[in-house]
Amino acid sequence: MQMSAPQMGYDRAITVFSPDGRLFQVEYAREAVKRGTTAAGIKAKDGVVLLVDKRITSRLIEAESIEKIFQIDAHIGVATSGLVADARTLVDRARVEAQVNRVSFDEPIGVEVIAKKICDHKQTYTQFGGVRPYGTAVLIAGIDDNKPRLFETDPSGALLEYRATAIGAGRNSFMETFEANYSDDMDIDSAIMLGMDALYNVTEGKLDASTLEVGIITTDTKQFRKFSNEEVENYVNKELEKHKGEEPEESSGEE
Amino acid sequence: MQMSAPQMGYDRAITVFSPDGRLFQVEYAREAVKRGTTAAGIKAKDGVVLLVDKRITSRLIEAESIEKIFQIDAHIGVATSGLVADARTLVDRARVEAQVNRVSFDEPIGVEVIAKKICDHKQTYTQFGGVRPYGTAVLIAGIDDNKPRLFETDPSGALLEYRATAIGAGRNSFMETFEANYSDDMDIDSAIMLGMDALYNVTEGKLDASTLEVGIITTDTKQFRKFSNEEVENYVNKELEKHKGEEPEESSGEE
Amino acid sequence: MQMSAPQMGYDRAITVFSPDGRLFQVEYAREAVKRGTTAAGIKAKDGVVLLVDKRITSRLIEAESIEKIFQIDAHIGVATSGLVADARTLVDRARVEAQVNRVSFDEPIGVEVIAKKICDHKQTYTQFGGVRPYGTAVLIAGIDDNKPRLFETDPSGALLEYRATAIGAGRNSFMETFEANYSDDMDIDSAIMLGMDALYNVTEGKLDASTLEVGIITTDTKQFRKFSNEEVENYVNKELEKHKGEEPEESSGEE
Amino acid sequence: MQMSAPQMGYDRAITVFSPDGRLFQVEYAREAVKRGTTAAGIKAKDGVVLLVDKRITSRLIEAESIEKIFQIDAHIGVATSGLVADARTLVDRARVEAQVNRVSFDEPIGVEVIAKKICDHKQTYTQFGGVRPYGTAVLIAGIDDNKPRLFETDPSGALLEYRATAIGAGRNSFMETFEANYSDDMDIDSAIMLGMDALYNVTEGKLDASTLEVGIITTDTKQFRKFSNEEVENYVNKELEKHKGEEPEESSGEE
Amino acid sequence: MQMSAPQMGYDRAITVFSPDGRLFQVEYAREAVKRGTTAAGIKAKDGVVLLVDKRITSRLIEAESIEKIFQIDAHIGVATSGLVADARTLVDRARVEAQVNRVSFDEPIGVEVIAKKICDHKQTYTQFGGVRPYGTAVLIAGIDDNKPRLFETDPSGALLEYRATAIGAGRNSFMETFEANYSDDMDIDSAIMLGMDALYNVTEGKLDASTLEVGIITTDTKQFRKFSNEEVENYVNKELEKHKGEEPEESSGEE
Amino acid sequence: MQMSAPQMGYDRAITVFSPDGRLFQVEYAREAVKRGTTAAGIKAKDGVVLLVDKRITSRLIEAESIEKIFQIDAHIGVATSGLVADARTLVDRARVEAQVNRVSFDEPIGVEVIAKKICDHKQTYTQFGGVRPYGTAVLIAGIDDNKPRLFETDPSGALLEYRATAIGAGRNSFMETFEANYSDDMDIDSAIMLGMDALYNVTEGKLDASTLEVGIITTDTKQFRKFSNEEVENYVNKELEKHKGEEPEESSGEE
Amino acid sequence: MQMSAPQMGYDRAITVFSPDGRLFQVEYAREAVKRGTTAAGIKAKDGVVLLVDKRITSRLIEAESIEKIFQIDAHIGVATSGLVADARTLVDRARVEAQVNRVSFDEPIGVEVIAKKICDHKQTYTQFGGVRPYGTAVLIAGIDDNKPRLFETDPSGALLEYRATAIGAGRNSFMETFEANYSDDMDIDSAIMLGMDALYNVTEGKLDASTLEVGIITTDTKQFRKFSNEEVENYVNKELEKHKGEEPEESSGEE
């Protein structure tokens, strides 16, 4: 009986490397993220936007109770994908870190600083036994001085800054749209519309404002805030207007 | 010998993800809930009602000792399904949290706040070794300011707010009734009758007041209380009256 | 080789759910109870009686050293079945809880309160690793205010109040007698005789006063006490008198 | 391949019940006792005697260094069988408990009290992981007020009071003799001779004073003491005298 | 079924030696390094240079967020390869050690001292259970007094000083270039160009300044600093100039 | 496939009894002793002698660095066999115990007391998980009041007093000589010569003073001391003298 | 399928003896030493010399960074073989012990004392779970009073004093040379030349001063110091001179 490396049991604990130096448990935690709702972030010249396509399966659910975008501090917001209870735990932790920074240094925490703190915490759960890694990826958006920032963390505790990125089930489809159409000189409004394009593609034209969650921060206010339902609907309508009369193209996403 | 993922042992500890990013132990804990008594919650414009169909197998059991609806604080009640001893532990914990809030902040705890606290506690039992997840789902009903709230938590620590929902063995049958007949402008009386409808369907017309437990909170009193046996009987009779003369329809539930 | 769920190893630790949400170790602990001596409790209008059929295999054993009925506080007694050393540990714990209550609140502990405390303690041993569940069921009898109470706890920490119940090897036979003949308006004397009937059935008429242990509490004295040998003999003789001349019926118990 | 329950691994840890509710590790510890030297205790009207048949395999061993009977307090003695180092640990513990009682309450500890304390300690080693049960049974003899007491504990922590009992390899043979010939109105001298009878049977007439250890406590002195070699020889000679001229009967023991 | 040593399970924990005295988990951690980005260090007469070829797979990633070269103290820089979150943890630790040294002894920490401290920390993770080794190699460059130093650490905690070395996927190709062309009397400029040669070879001539990270420290300033993008481009252009017109040779690297 | 008890895994931890009540790990530790150097002790009327036949395999080893006989206190010496590092740890512990006794009670520790302390310590390592038993047996020689004492401890923590005994590879051969020739009225000189006889037999006449270690304590001095090389040689020569001209008999030892 | 003892799993933890009383994990740790660089020690009348043949595989490595000989205190030096990071940890520990001795007792630590302390520390890692043994052997050289001392420790914590010894891959070849040519009246210079002979043999005449490390301590200075490169070269040249013109003999080493 020929057995592959996972079958040999290298994937039963985070304290065990596989013969080729992989941590299977961390890779499996990434699978939990790949099965999550799609969250995207896009950085513009003058701000950052976070978008989440909440999958709501029943009209009996209060849509707003599926919260995927969270404010961490006045100037920082995050979007999460993966295990929802893990995400809530990480968000709570980040909020406390932000307040500790204000109390200790009397100034708001840097966006990159908090991103690293989240990642360091996640790394711990990939090196010590008796725990499992976090099954959650987090997009972190904010303004450092006057510069928009957008970070992505994954279950390993790795950290990358992106111009535009997505996590969750629809990541591949979103990344195709972003690779094709993102440009560095976009303003926040174009960034939102780019997100709408990606959503339009991934849903094959079936955009639904009521299941969308959008968060935004711009360099003028430096205040992270979530869009009201009306604001979301506005953008959805604009997007639908654009595609009026055209045959929706086939989504290339594999989710 | 072809083995499926559970057989490969990914389901023996909560600290192990399966290759597709699932936590089998948490999913199995959900099975414990699916085998539990059915509990339902329905949110009306002016309150929330919790109903539990206690399955009593012997006349020698004191029915009231099978307690599935618990008051947490003046303005909050919960219904549970799954492992009964786990449920009691969670209820105790929630009651203490509620009192701690009163002592610390001199005001009643928010319904959402306590729901999150229960979930955070549950999440811990899905990430650290040497324990098992809670085999219990909890419906949490209460009034925040003047707004009725109804939350559902599951063994993973996930939290959702519902207009109407059910947990336990009869969940599917209840949800069918709710999806078909729930409307947002129901008052508390219609909500109770909707619950009776669902109970009528799931029991194939064999409604028995003595095994029903009902808890209610309304925006005017903001006091959670359990129905007396008479009140329950009243509603049961009203329900039976409605169906008088009709052939009870086949239950569509799969339990 | 087809393997059933237990063979797959879901039954080796209390921290592991089986795929259908069961805790096999807790179920196996219940088997330890099913192999224990039979203990019964019967609630009357004016008191509660506990009866244990001690199985004594040698005349060299001092019968009174096989203690299955214990006084916890002035107004509370318990009967146990299952692993005897586990039972003794639980009894000690309950006695301390009762005294703590007297010291802290200057009043006797409630019967339901102590029943819940025993159950909460048992639940802990079903959720944390490195221990096994208690292999003991406990019947708890007492008077709360003027109301007779009778609780049954099992290894899972579940708690039920009964009118009449039994634990141990003879449970099924006892329950048959109780289901057939228990009535709510029994006084304590009829309750004792109902227990004697059940004992008569389960032993196929071979009632032996010297191996019976009986404890009683009534609403007038509110004092739990054990019967003297003479009192036990009295009731045994009364029972034997009743059946005089009749062919003893076949026991329906499966132990 | 058909496997029995032990082969399925239910016997590898004390924290695991078998499907029929047994704790195999505790049962195996009892086997360690069954392989031990035989120790017996007999209760008379006016005292208790403990006897041990020390198996000495070499004349180079100092017989008195094989100590199987220990004084715990002035009024309490014990005899042990099973793992000798475990026994020594238990004896040390019991001696400390006895002194603690004298210091705390200024009176000698009760015989039953110390027996329960030993058992509670043993029970702990059957419920918590990372240890093994004690492989030792203990007979405890003493005087409570003016009443002779004789307790037997086993590795599970179970406790029984006996009129006459034996532990170790020769238990079955001894119990046969006791069942046949023990009577409640024996005085201490007859009790010792009953023990000699049992020893005569189990050794098929080859009684050897130099390998016998005898301890005694009577109601008049209330002082536990060990017999001198001369005293032992006296009784052995009396026993041999009794059987003079007769063909030694076949031992019925299975050891 | 013939099984090799790893298949026998000697590679499942760092607390287990294989029969030939190897620690497989440490060797597997080295594989994690071999799969990492390539980092090189070259020591010149008057300084040390660190170069990293960051592999950037999408234009949407902010290249500077993939940080592989870190300043530890004014006079010390490091380059890492392997698990990025592990690297960040080690870098943080090293920075704290450096500051502790300044506070305790009022002088900068020695380059060799900090290298040993990193290695001692790594060693701990290869001897104690419940953790995994660090999946990261670190190159440490700095000036001790006036002497350039260049250390390499690996997951085992082994420490070596090199004249020129490389870690990560391209190590073999780099080492070939270094073995062939390194000379002890190089100045820092020649050292940088040697690094460029190695990069040119490993990338088969496709040098891209935007994905290169270069850090440098020289004996005159004793300040570690990273090159600006312009400085990197300068050297890349110089390298490309050198090879103009020639057919790029086949890379001999195996990555 | 028929498997014996050890193959069933009952021998993998000291916390697991085998079905017949054995602790395999303790038995295996005894095997470590059986593979050790031979150490013997002989008790005379007026003292005790310890002898060790150190097996020295190379002339490059400093014979005196193979220390097998240790002084614990002025009046106590020990000889060890088995794992040498374990022995050293036990010796250190015993020395500290002896000094603690002097400091606490202002008198030398009893020989039996220290023997029990060593055994109690060893017992601990046979009952608690996460450790292994000591792979060392210890002979303890000393004078209590005016009485020579000789104790033997084994890895289980069992304790026996002997007239003459041996541990290690040559135990069986030594015991044969002792059983045949030991007599209670030997003086210390005859005891030493008895040891020489046993050594002569086990080495088949190849007695070598340089690899012998001898320790002695007598009732007149009550001082344990090791023989000088000259003293050892004296006795060896006396032994060889005795056997002059005779054909050395076949050793009956099985080592 | 016939399985040998290691395959039965007796070699997976240091807390498990094999049926023949061996600790496989300790034996495997010795294999790690056998794969290490060769280190030798030779004791002369007037001092001790340590020699290590560092295997340097690349000219890019700074030879002096492969440190195998360490000064512990003014009068003590050690040479190590096996896992290099383990060795460094042990060296650090020994240095601290030496300083603690100076601070506590105001005198240098004895050579034998520090050797025992290192061994006691190593022993701990062979008896307690959750760690692995040290994969390192250590030669310890020094002067106690005026006496040269040379100790060897192995992973089990065993300690031996040698006249001349070697550890690591070349041990067998070295020991052959030493057995053949060592004499007790050598002075330090002859001892060094004996080491050179052994090195000449093991390298088949390819002696290379640049990869040799030599440490020395003599009774006149009582100062341990390492040879300068020139000193090493001097001895190497003397050795090569000796063998001039002769055919280098075949090495008998098996490494």
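Going in written order, the chains are labelled A, B, C, D, E, F and G, and every chain counts its residues from 1.
What we mean here is this: contacts are C-beta pairs under 8 Å (C-beta built on N, C-alpha and C of every residue); 3 or more make two chains touch, one makes a residue touch a chain.
A quick note: this is a predicted structure, and the numbers were derived from the prediction, not measured.
Trainee: If you average the Cα atoms of chain B and of chain C to get two centres, how far apart are those centres in Å?
Mentor: 31
Trainee: What's the distance between the Cα centroids of chain D and chain G, rounded to whole Å?
Mentor: Going by mean C-alpha positions, chain D sits 56 Å from chain G.
Trainee: Any idea how many Å lie between the Cα centroids of chain B and chain G?
Mentor: 70
Trainee: Among all residues of chain B, which ones touch two or more of the remaining chains?
Mentor: 1, 9, 14, 129-130
Trainee: Name the shape of the chain contact graph, picking from line, ring, star, complete and other.
Mentor: Shape = ring; chains linked end to end, path closes on itself.
Trainee: Would you mind giving the ring's chain order, read from chain E onward, with chain G coming straight after?
Mentor: So the chains, read around the ring from chain E toward chain G, go E, G, F, D, C, B, A.
Trainee: Please name which positions on chain B make contact with chain C in the complex.
Mentor: Touching chain C: residues 1, 6-7, 9, 11-14, 24-25, 28-35, 58-62, 64-66, 83-86, 88-89, 92, 125, 129-135 of chain B.
Trainee: Which chain F residues qualify as touching chain D in the complex?
Mentor: 1, 8-10, 14-23, 116, 119-120, 122-123, 126-130, 151, 156-165, 175, 178-179, 182
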